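Note that the chains take the letters A, B and C in the order they are written out, and that residue 1 is the start of every chain.
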């Protein structure tokens, strides 16, 4: 429990549907067992339809999200276009590997729809940038075991945006309810080609 | 040179090996009496039945010891066939402790019948199991146990335990290596946690779905789904699924192959 | 040489440091086995149509020293079972004495029914479990081969913690890594046991022992092999690994100081 990954708690999950993707996180911020805030979202927007979720050590969640805001802004100014989720994935990977022997204690998750191909994309990373390209779902955070169980049980291919929302929400809520370090509400993004829906879920407040 | 390296302030005297003062205190015991044999079990109750299921893989470390080592046992029946049993016990964790625990409980249930002339109730057996586990409070049986049967009213009864005997009657329980994967799935699908009746209200007025006892075929399907999911994501779970279903008519056993990778 | 004859012939303290006499202690707490001393390596066994074959090499090692090269690690019990021992050899000899006295007791008893391999395995696993529960383990991993009460081939394992399991083919120690995959390839689960002949089983075991001899540094090319059928038990205790080919050795590159 003294692992930096488990001090603040938190969970994040991304899922692929039919022409859509979803990413969701809990809202808790804690110091060990003590909850400090119930409004600490862990998903950050980097381009229209491109999101990055970060779980792990809260100070690194903030640092890394700020670092990528800077890097992605520089990318957009240089390239005069939005960053694609695949490009962001490689940026995240190489940036984390730069800190190979003194890593940021975060487990990032990317979800987005590629603007040129229109294809859904999700991926996850370990804290030193190894990319996990998954076709179904990505989980991260202190509730990752629980999320693996619920996602593996509830997810199916080609879900519509509505069904994907229901699936990811049920998977996340049920998972964080079995993790003492996650929960206290959730935030869900459903990403379609030209539309993003953001929803706040109340969830259990204990 | 070596004499400097080999210098020991305590060995000024000559080196009679046997006259050396023994300043070694109690030696630390390096023998660790436990091992984890992996695997997972899961139990669900219905109106007039209870299901206890477990995978049949036995592991030590990354080795698979065997692909068929049952973790779910009939209690109070014939030694070989299990005939006449009316209680089920599943044990997961350290298999040798699990087997020892099963045999002790089995003996207790049999002695009860010989002495009282009636079968032990599940409630009594559940309390007895707790006492047995707590009896080894300071050298515990390294197991998570689940006990199942039918209660006095004929309803499915399920009791979940920790290694030192804390117990609770429940509708469903997962234990073992993949319990963290299976349990939230069960909360959602069996106890309908986080599920609401659509259109029943706004905000706090939204009405939660009430869990109803599930029919037997649904329960069996949920158990199979839970295990096929666990097999995908946990290396210690696999090979086969053994499902024991207890009803008023007796105990039925179903074996279902799982992935062997 | 100095004027302390007690130190003559001993490693010099000023060179080698003081002698560790802790094991000579006769007072203080009773020491239980915390690690094995003289050990035997893998035992391997496989079931076939109408019986079980089991094998182990004849080596007892003292750490990395090949100390005793003619140690029989297969123990025949009556005409019912063979027990294969790996792990501590002195504990093996203790268990052997238990089995010996039980065999004599059983033979003098009036009830007339013979203990089978399954009974023997149950007994041994309980001895092992009891000793581990006393924090004084018998440092062995054993395989028991023979027949169960229904005269069906029986093969099961028990280790120093009392853990038991059974499978159509089993191996202890290094054999669990090297021999089991070979046995699983030769006798896959789909292949029914009735299709496996005694000759298949024996030649598979010989192959496995050869692989173990090639790759397990604590193994020997002299071994014992026992075959248990309804006709009885045949034990061959002075077998030699035949047709060794070390041609592969010169193709191995990249260990130690060798770079190219």
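The criterion applied here is as follows: a residue touches a chain if its C-beta (ideal position, glycine included) is under 8 Å from a C-beta of that chain, and two chains touch if they have at least 3 such contacts.
As the structure is a prediction and not an experimental result, all values here were calculated from the model.
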| item | value |
| --- | --- |
| Count of contact steps on the shortest path from chain B to chain C | 1 |
| Most distant chain from chain A by Cα centroid | C |
| Chain whose Cα mean lies nearest the overall Cα mean | B |
| Rounded Å distance, chain A centre to chain B centre (Cα mean) | 34 |
| Centroid spacing, where centroids are CA-atom means, of chain A and chain C in whole angstrom | 52 |
| Residues of chain B defined as touching chain A within the complex | 178, 180-185, 187-189, 193-195, 225-226, 229-230, 232-233 |
| Residues of chain C that touch chain B when the two form their complex | 4, 6-7, 10, 12-19, 21-22, 24-25, 27-29, 31-35, 125, 129, 132-133, 135, 137, 149, 157, 161-167, 170, 176-177, 189 |
| For the chain B and chain C complex, residues of the former touching the latter | 2-3, 6-8, 10-11, 14-20, 22, 24, 26-27, 29-31, 33-35, 37, 58, 60, 63, 65-69, 80, 94-96, 99-100, 139 |
| List of chain A residues in touch with chain B within their complex | 145-146, 148-150, 152-154, 169-170, 173-175, 177-178, 203 |
